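Following are the structures in question.
The two complexes that follow have chain A in common; it is paired with chain B in the first and with chain C in the second.
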Partner chain A sequence: MFRTANIREIIRCFRLKTVSGTTVTTTLQPNKSFCSCKSKDSTKKPLDFSELKFVSKVPSSPHVSPINLVKVDRIKIDEDTIQLLERLSLVNLDSKEAINTLEDSIEFASKILHIDTTNVEPLYTVLEYQNLYLRKDIVNEGNCSEAILSNAKVTEEGYFVAPPGNIPFQQTESIEKRKENRDD
Partner chain B sequence: MYMKLIQRIVNFRLYRNFATVISAPKKSKWDSVVGLEIHAQIASNSKLFSGAAINFGAPPNVCVSDFDAALPGTLPVLNEQCVTSGIQVALALACTIHEVSMFDRKHYFYADLPAGYQITQQRAPLASNGKLGFYVDVPGAKKPYQKASKLHQLQLEQDSGKSLHDPYEKRSLIDLNRAGVPLMELVFEPDLTNGEEAAALVKELILILLALDACSCRMDKGALRVDANISINKPGEPLGVRTEVKNIGSVRGVANAVDYEIKRQIDIKERGGQIQNETRSWDAITNKTVAMRDKEVLQDYRFMPEPNLPPLRLNVADDQTSALINVERLRKTLPELPEQLRNNLVTQYALRLETAIILVNQSGLLQIFIKALEKHPSIPPMKVANFLINHKISDANLVDLIAMLNNGTINYYLSTLLLQEMFDNPSENPKDIAHKKDLLQIMDPVAVEAICKDVLGKNGDIVRKSDVKLSAPIFTHFNSMAVTKLGSTTAVLVKKFSPGNASR
Partner chain C sequence: MAKSIPSTIEKLLHKYKIRELDPCDVTNHCIDVVSRQKKLNAIIRLTPEIARSKSKESSERFRNGEVIKKLDGVPIAIKDNFCVKGEPTSCASRMLENFCPTYDATVYARLMAHGAVLIGKTNLDEFAMGSGTVDSIFGHTRNCYNENGGYISGGSSGGSAVAVASGSCFAGIGSDTGGSVRNPASYCGVVGFKPTYGLVSRHGLIPLVNSMDTPSILTRTIDDCVTVLNAIAGPDNKDSTTINRPFVDISVPNGDEISLKNVKVGIPREYHCEGLSKESLETWMKIADLLEENGAQVVDVSLPNTASSIFVYTILNQCEVASNMARYDGIEFGHRSHDEDSSTEQLYARTRQEGFNSVVKNRILSGNYYLLRRNYQTYFEKALKVRRLISNDFQNVFFRNERVSVLLTPTTLTDAPKLEEFVKRNNRDQCALQDFCTQPANMAGVPAISIPIKLSSNGLPLSVQLMGPSLSEQSLLTVAKWIENTVNFRPV
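On to the complex of A and B.
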């Protein structure tokens, strides 16, 4: 049902999300997209926050978190790790851009590593003080195989059709060739 | 000379019968270490996190909700019944039940796992630190011995879907009916030493799960799955490299698979080889474990907390005002467990412990025992129990008998004779009895023909009198003579000699 290509697509989207995560922080120091917005709306009067009925929780001026000021060394990932990551995520990291994005993400995440968390209980969910809601053991879903199967491109006699077994991620090109490609 | 031969045959029989015992490394230079991981499908109406039904025989993808198909935007909602069942089993296994437990995501890519992860409990399971005591009944030994295995943890988790591999079309067909079915995984410490002990643990667990109505325990339907971790080491040395055997489909299979794997590892070590840390699959037809090619070498499951499920909290302090599941109330309403049942039988009816073990362990016996004593309280309970035990044919032996009937090793007439013999020797396998008592059907047409010719030759006058046509009564006469010749028990009819064909 989920062809590898589809999964790759999903992960690519996910990766874009992380990339946008990076840009969010950079928007705090006004960047291009911010500027273009301003130039578009330059004819309009800027919003006066003091006139608002309810005070917004959104800060009126860009706030720079001290975390963003932390300088971390950019981590170089070796070829073995890249291959492992490719296998685990079914993502092909074959371009220079892809590696760059990956290293960007690691750099972004590394900024919190210096924070001292001794004796601090990890927070797994913001709902951790809520009790888990339990459902009664009643059948009230299902019986909709047609609708479920309509999500798939290929089906057969009520089954989803998928590639055979567990196809390991194949590294077709040699490491040297991939390096060349990247350096181009 | 003959005596020696017979002795050898008997020894061979014994060896074959009790192979699992002999291969158990009692006198071996090697210690074997066995730990079990058991997945039991929780007997609930709906799935662990969705309201889709659980129906083993349903057409593909019918018992699937949007959540089970991992459609974006759907969220898991935990089934209360599954939590209750999990707590009951944990209580029966003397576990510490945790006030707070949490769920995690275990990631891997497989077509029958649409979300790309399984929701399980890795860091903070429902319960941990339990113990399961059981009796190991070694065939041949007089008394069963007691054994216990510690339970590392009990966790709730989702099952995956099912893949049907089609190697010709190079594709897999995916059925998500099983995706999201509730499982409880019981991880036992490596406290066992051989296959018989492993099988005895599984048997006792099945009795407990059935008593609690927690699982159907149908191993043939995959409702109870046993994985065995096995390693060997020299006494006093650290544990060896372990292998994991999956795909064991019956209690007998557990004993056979574990003993086979121990023997295989010893063979490798004795020959100076190295044990590979790998997952192997049990093949019940060839009685061998084979390396699984499907699994990747080393998996990184990238466990992470499940962000969509807040922690599961339980009322462990018997707080009457709490709306959470009350663990103490469940403890008080626990039904009679097999261990108590056996002890009660011993004290109430003055039965021997061995007798009580068989009564409780063999399905159906206890009910007959109690019914018999209700109706006729004057009969000494020991007598009822002994009769039931000695006249009970095990399911496995009965199945073997039917199989023999089906493949022509015996015929219908012989099967009734064999059945009587089986009543007299309930512990023996029908195949062995048939060999011993000469109750096998003669399958060699040459041998049958020789006997028939012999009978006809000795009765030349009758043959001549009957002229060309061999009438039915005369045929019956010859047939019975042939039968007499063959020995009173072996009735043989070969088509070639039936009236129609034997007209000359």
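On to the complex of A and C.
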């Protein structure tokens, strides 16, 4: 393994030498473009990656962290929660795969629940030491309603257009689908 | 194009100054490179009109001997989640396929003010949710190393990384929330730098996780990275989360002039995790050894909460996603379903059903689960508390215990995976594995950089990551420059 790497290094260096020995550089071509022609560079010996001068401070075997050993129970998401999440997210959660992925994510996330955080404050932002500044309450950008409306698919007389709003979200379709999935 | 085109911004500007090259020709050349490399799928939309007018303006400045700007006539590419006025900005999602911003992102505006030339918008995972640049409505981006091997570019800023690596442009802009710039930089053999949170404005970056999103830089060299950083960093009154103090330009000495005498490097043992490849481990060890050999003090340190970080990250990511994605309802902008007009909510649901891919939907649903009144404290608040523990780990090694100046770790656990292997895992597991070493820096908001070191036995780049305390860009980039100068990585 080490040897192969070294031979590659030597070949690489040899190639560089040839390039820098010539006076003409290439035009920018993919992957070949940056062979710089500093003659100094080509005299540098290639690094031997298998040879170390000191006892390495890098541990030679993987560190095992307690969190890797934590086992958590899988949380089953009930039908009520699924419907609530659909309403909040306005994203369907009707396939077996999606529900499985969600339960999987929760299982993954639950690994941190055992960590002792007594007397630890939540860190909302790394700039917590800095006051949020307020700008002066004056208009410095405006008259851009046309620009803002330009990205809407449907507008009317300078308004965004939406269908009727006071109708509860219908979930019958995805409830049916989930039932079918369960019966399968 | 007969004349040779240099590989770095500094050399390019020099050639412009002595009139050996013209910004218009170089821009055309870059656009030509993009069209010859369509297969890579790095740039999803060229911006020929902007490229033409900006390169012409720059050309005139050079011809008239005007004051030359930092990035005058330098072709760049920007990830398609940064707004550019009048240019479609899609987030690689059907939801925003036809969205055309009416304003510029601050990062883009500043690049333009410094004379840069935009040649195109680059590919990403839908709404930047991924670590492979595989989940995009435009298809996946290919790694330009071992091109026929079918390796992924990494992500989510894979388009910008490949655009820079393949010679389509001199600098790429990406966004880094959990490693989305450092990860593809590591796989594609370029420099990927995530500045301190708040150093660069997020205004006009379509948000993923507001408390972690950081506009970030992809270049071929550290010097180029510094040039771009100096152009875009600093407070912005359009983003209240930018750091509220003036930014002083950074300047990094020549590689040979850098002394490591006062540099203390920490090796966090927890970053040697299960799954770290032999070659990545070797690379990490060798760089630590080189630093020590050349005068740096290298010490073993512990960031005990590292392994918890990826779990906290998924919770906070999904919660912020659930909230951020609520704006996509089809009424004001973006996709609107044609087939539903029975009620507002029915229209919203149908529109979102059609507009989002399954990764986005799953994250919204689980985010809303953690935010339910009965779960809020158990999951969301708990995750924020553990986030503080993770952040404290960094404060401890930087300022209390060992007082190291930088931390050295791998960027990714392996070289770039093959597409067919990568897609065998679901999106969550992909990210959990690929972001292990990168996302803790986003938790703490500290700057971090990926530096290419060598090629693996598969002919793919291997990289290391340096992290430093908040606002330590100057020293972080200096150590990075020393490593770059010493390993002398040259793509074959």
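Everything below uses one rule, namely that the second predicted complex is superposed on the first by the 105 of 184 C-alpha atoms of A that agree within 3 Å, B and C clash if a C-alpha of one lies under 4 Å from a C-alpha of the other, contacts with A are read in each partner's own complex, and residues count from 1 in each chain.
The rule is short, and it goes like this: a residue touches a chain if its C-beta (ideal position, glycine included) is under 8 Å from a C-beta of that chain, and two chains touch if they have at least 3 such contacts.
A quick note: this is a predicted structure, and the numbers were derived from the prediction, not measured.
In the superposition on chain A, A:Y133 makes contact with both chain B and chain C.
Of the two partner chains placed by the overlay, only chain C lies in contact with A:V58; chain B stays clear of it. In the superposition on chain A, A:D78 makes contact with neither chain B nor chain C. By the touch criterion defined above, A:N151 lies against chain B and chain C together after alignment on the C-alpha atoms of chain A. In the superposition on chain A, contact is made by A:Y159 with chain B only, not with chain C. When the two structures are aligned on the shared chain, A:L113 is found in touch with chain C, with no touch to chain B.
In the superposition on chain A, contact is made by A:T125 with both chain B and chain C.
Once the two complexes are laid over each other on the shared chain, residue contacts for A:L88 go to chain B and to chain C alike. Measured by the number of chain A residues touched, the leading partner among chain B and chain C is C. After overlaying the two complexes on the shared chain, residue contacts for A:N68 are found with chain C alone; chain B is out of touch. Overlap of the chain B and chain C contact sets on chain A: residues 1-2, 84, 88, 90, 124-125, 127, 130-133, 135, 144, 148, 151, 160-165, 168.
Every residue of chain A that touches chain B in the complex is listed here, in rising order: 1-2, 7, 84, 87-88, 90, 124-125, 127-128, 130-145, 148-149, 151, 156-166, 168. The part of chain A that touches chain C in the complex is made up of residues 1-2, 4-5, 8-9, 12, 15-16, 24-36, 41, 44, 47, 49-50, 52-54, 56-68, 77, 81, 84-85, 88-93, 98, 101-102, 104-106, 108-109, 111-113, 115, 117, 120-127, 130-133, 135, 144, 147-148, 150-154, 160-165, 167-170.
Contact residues of chain C toward chain A in the complex are 1-5, 7, 29-30, 33, 36-37, 40, 99-100, 102, 144-145, 147, 165-167, 197-198, 211, 220, 237, 240-241, 243-244, 267, 269-276, 278-279, 281-286, 288-290, 292-293, 298-300, 305-308, 311-312, 314-315, 318, 322, 329-334, 336, 340-349, 352-353, 356, 358, 361-362, 364-366, 368-370, 372, 378-379, 381-389, 391, 426, 428, 432, 444-445, 454-457, 470, 487-488, 490-492. Of all residues in chain B, only 44-46, 50-53, 59-69, 71, 77-83, 102, 109-112, 114, 116, 163-167, 170-176, 294-296, 300, 302, 305, 307, 309-313, 324-325 touch chain A in the complex they form.
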